[in-house]
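Chain lettering (A, B, C and D) follows the sequence in which the chains are written, and residue indices restart at 1 in each chain.
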Amino acid sequence: MGFEMAARLARGGADLTVWNRTRAKAETLTKYGARIADDLPALAACDIVFCMVSTWDDVRQVIAGPAGLLSVGAAAPRMVVECSSISLEGSAELRALLSARGIELLAAPVSGNAKVIKAGRLSFVCSGPRAAFEAALPYLRMIAPSASYVGEGELARMVKICHNVFLGVVTQSLAEITVLAQKAGVPRHAFLDFMNQSVMGSAFTRYKTPAFVNLDFKVTFTPYLLRKDLDLGLDAGRRYGVPMPLASITRDVVQTLIGRGMTDEDFAKLLVLQADASGLKLESENVEVSDGL
Amino acid sequence: MGFEMAARLARGGADLTVWNRTRAKAETLTKYGARIADDLPALAACDIVFCMVSTWDDVRQVIAGPAGLLSVGAAAPRMVVECSSISLEGSAELRALLSARGIELLAAPVSGNAKVIKAGRLSFVCSGPRAAFEAALPYLRMIAPSASYVGEGELARMVKICHNVFLGVVTQSLAEITVLAQKAGVPRHAFLDFMNQSVMGSAFTRYKTPAFVNLDFKVTFTPYLLRKDLDLGLDAGRRYGVPMPLASITRDVVQTLIGRGMTDEDFAKLLVLQADASGLKLESENVEVSDGL
Amino acid sequence: MGFEMAARLARGGADLTVWNRTRAKAETLTKYGARIADDLPALAACDIVFCMVSTWDDVRQVIAGPAGLLSVGAAAPRMVVECSSISLEGSAELRALLSARGIELLAAPVSGNAKVIKAGRLSFVCSGPRAAFEAALPYLRMIAPSASYVGEGELARMVKICHNVFLGVVTQSLAEITVLAQKAGVPRHAFLDFMNQSVMGSAFTRYKTPAFVNLDFKVTFTPYLLRKDLDLGLDAGRRYGVPMPLASITRDVVQTLIGRGMTDEDFAKLLVLQADASGLKLESENVEVSDGL
Amino acid sequence: MGFEMAARLARGGADLTVWNRTRAKAETLTKYGARIADDLPALAACDIVFCMVSTWDDVRQVIAGPAGLLSVGAAAPRMVVECSSISLEGSAELRALLSARGIELLAAPVSGNAKVIKAGRLSFVCSGPRAAFEAALPYLRMIAPSASYVGEGELARMVKICHNVFLGVVTQSLAEITVLAQKAGVPRHAFLDFMNQSVMGSAFTRYKTPAFVNLDFKVTFTPYLLRKDLDLGLDAGRRYGVPMPLASITRDVVQTLIGRGMTDEDFAKLLVLQADASGLKLESENVEVSDGL
């Protein structure tokens, strides 16, 4: 996802320096005017540093590791915009760590995947100092049409967790009604065509449609990752005293998906689990359908 | 809703004759060139008759009642496009009744409310003879940007039920995560602003936002009606052997809303029930928010 | 079950006349002093007629069919004690039908199976005229140690449905915790030995123990029958406005059991479904365990 | 509960020395031949030390605190039989701590409350070295008719958690069907009289009957404690990959009970929450009912 974000920044006219573990990946960006950094500390001279990796461990390594952003001298950017999907605890640790060096942190996880960014449909949810958000906004807008500010500290991480809980519930509900419609006689592509165009349709229901119709479960998000986010949501529910029955049941269904060994493909295999529970053997409809992107 | 549909047909250039129980309501349409029928049988001379009322009893009365469409002579339209939210059984009875007079039925329930039509965002889901659908399509398109054909017979009714089951689940899940986000410190308007712009946002989440933010629960759809559609969905699940745990739990939550007496306002009061279960006293945020229409 | 009931009546000293579709089955009872009726109308001379068959259709046939109890002349017993598991509607129809002949009906379904009766552990739940209950009580007591009176009309049928809803929930919960305990390292027989002797233990948990430990799923009650009773309970919940989330979810789990084809064996296969969802391959523990009877 | 346990040991003929924070409480036991210890270290000369307190903190204090069992010299009992309801982690820490002094630990939580012990109906579930269990068994039997051995280490704690998860589910299901039966016309005392005598009846359903019938919610176990045990069960479910939908939903219902402020009375107020969700105002039936003890 980082590549698409950087490409949009470069094309948007930002004065951009890029670093990637695999330098060759970054080099494609030079055609849009981006410079390539030889190492991470070279980025410390920038005003704003965007970070988009996989896990909190990766974030820690690129920021504070032995060869990381802060590993050489006292140079430091004004702020880090951290876009990975990490926990509240990781985010708070990062904030403390940056703060000790006088660097602001804008927590800025996203809704969408690489294809969504490319289609210009990403959205950011941001938390941290309001001034940092305002300063970063012109650059966020180069990447995505929408960036919401939700408050101080790590609140954006909390919102991302809520977003992913919703994503899990919506997918399971969609699996329930798609199988019901099919058993009643409606082809999946016809059913989802209507749902996608109805008031209930979303970018998400649209880009999951090819998977539901043609059973292409190439992984975009694994059942393990979805379970992790549902557990984070339920843990937050415990902490704040919020009962969440739909999240709870969805969590149990995702656990069942994992227990039955459907772990290597996309979490959209919830459709297959639902069909199986309904005595239905799914087959691809082999219909060309749009993903809306 | 009928008025907005007719207005769009008239403005779209259709040769339109209109009948309404309250003639005065129809008369506003004459400025767009519509004619007013003196009684329902006068519509029997039309090629296509659209019907949009409240319940199956109303449909039966306007079509086959003593003063209904078919009450005088042998004149009959080519087809009836029935857009009300009625049951599969009612729809099948209507089809038989029309078929005996050589009239085709296009079952064509909609996704959206009057405001959605006005905003040009309605969608139809249609079932019946494919040729009838093709013939009606130019007129459906005057009303709505989207009309999906899902198959023969009453399948469109089934799809509408699935749509409303999904609507119930989505609303309850949204209530769960909105209360969680608020208890964690995120204002509802900021939270929903992000959700609406995220890949999970839909026309529905957008037009429910004012209710969730400012606690305006003027009724658009009552808890009783939502319970009825959830029950229809669960009954279909029984008939077709499809377990639907999220629909089941949502049904029980809506029943709790009714049991606790929150029956006169919009079903969006699921938010209030959720807050109450979470020990949270909701207050309006008094923030101007868009409904996206 | 009828045989065991009759045997206990005969041994208890009742003046007993017996009829069974298969006369040979009834004849074993002559050694306890029972007489064999040549046909059903011969029982019309008795004071109290007990009826224990399978379905409401069977009940109707033996009472009011062409060769049934009431098929010859005006002779009629004082009362019928109807012990089969039939619906409220069937029970009400039977009451009307008997009432027209001046016969009282005591609705008297039971908790337990043939083995439970034999062990002297059956219980009746009765509804109808209180005087009829009082008159029947000495005979009920010959069969079972316990007979509860719950009110007029068909209330006993309602109570039996509640009993079976509870049975479904208890079995599913037992499946959940038995699999959890096993995965944590506790053999099923050791776990259930404790549960059975704990304050949570019941005759039911004890007599299901051999099935859970040694995976003997010879049918006592099919998944279809359990689903039927859960549906009756949920329908009553709809009628009386009672949300029942645990019953709803259990119903969906039983539907999944059926959807996955585990229909020919006992509903205790809920344990297998639970193990499967938990990534556990069950094997018989081959341990001799008591069923408590 | 400790008093009743000690009383049964003394009456059973054990050579008993007793210590209690409030010495006066212990003194009543001298009439059965028990000796009173001046302080905890005095118990270190005993062969077997039973411990029954409230929390893991209390256990740690009486065993390893500055004035605890092990605070003076090298004297040590052969084994500690620990009967409190503590976590797996606490139990493991205790085992390590005792092991370092050459003392065996028998983890021995119980099913039942003080009244159950007095009625001679307690049951132990034990884990630890099998030999320790065998040696303790004669004494366990003086206290309770039943003691089950489930394996090494802290397995008995796991089993106790499963037991309490089941207790939560059973109570919620009982609340659902009791309210349904009442709304259908069956008094609660009549309904529960049957249930208690049916194959589904347990010591637990019997001793909760007075609370359900006469709405006496004097606390025996708080909603907070039940929630804690349900959370421990669900956490174990996560660790071992066991989806537990009924436990999950029950957990959410108990959270709702807490969220709505019903926290100071017994968890049996789940009945009140269920009635409230069903639009029913409960009143005491003022009927004398047995608790079965």
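Keep in mind that, in the parts below, contacts are C-beta pairs under 8 Å (C-beta built on N, C-alpha and C of every residue); 3 or more make two chains touch, one makes a residue touch a chain.
Since the model is a prediction, treat every value here as computed from it, not as a measurement.
Trainee: Mind checking chain B against chain D and telling me if their interface is mostly the same residue numbers on each side, over half, or mostly different?
Mentor: On the two sides of the chain D and chain B interface, the residue numbers are mostly the same, over half being shared.
Trainee: Please report how many Å separate the Cα centroid of chain A from that of chain D, as a whole number.
Mentor: So the centre of chain A lies 45 Å away from the centre of chain D.
Trainee: Using mean CA coordinates as chain centres, what's the chain B-chain D distance in Å?
Mentor: Using C-alpha averages as centres, the distance is 54 Å.
Trainee: Just give me the whole-number Å value for how far the CA centre of chain A lies from that of chain B.
Mentor: Using C-alpha averages as centres, the distance is 33 Å.
Trainee: If you look at chain D, which of its residues touch at least two other chains?
Mentor: 237, 241-245, 249, 253, 255-256, 258-259, 277-279
Trainee: Edges wherever two chains touch, nodes for the chains themselves; is that graph a line, a ring, a star, complete, or other here?
Mentor: complete
Trainee: So in the complex, which bits of chain C are touching chain B?
Mentor: 231, 237-238, 241-245, 248-249, 251-253, 255-256, 258-259
Trainee: Can you list the chain D residues touching chain C in their complex?
Mentor: 111-112, 116, 121, 123, 125, 145-146, 148-153, 155, 158-159, 162-163, 165-167, 169-170, 172-174, 176-181, 183-187, 190-191, 193-195, 197-205, 207, 233, 236-237, 240-247, 249-250, 253, 274, 277-279
Trainee: Tell me, which parts of chain B touch chain D in their complex?
Mentor: 245, 249, 255-256, 258-261, 276-279
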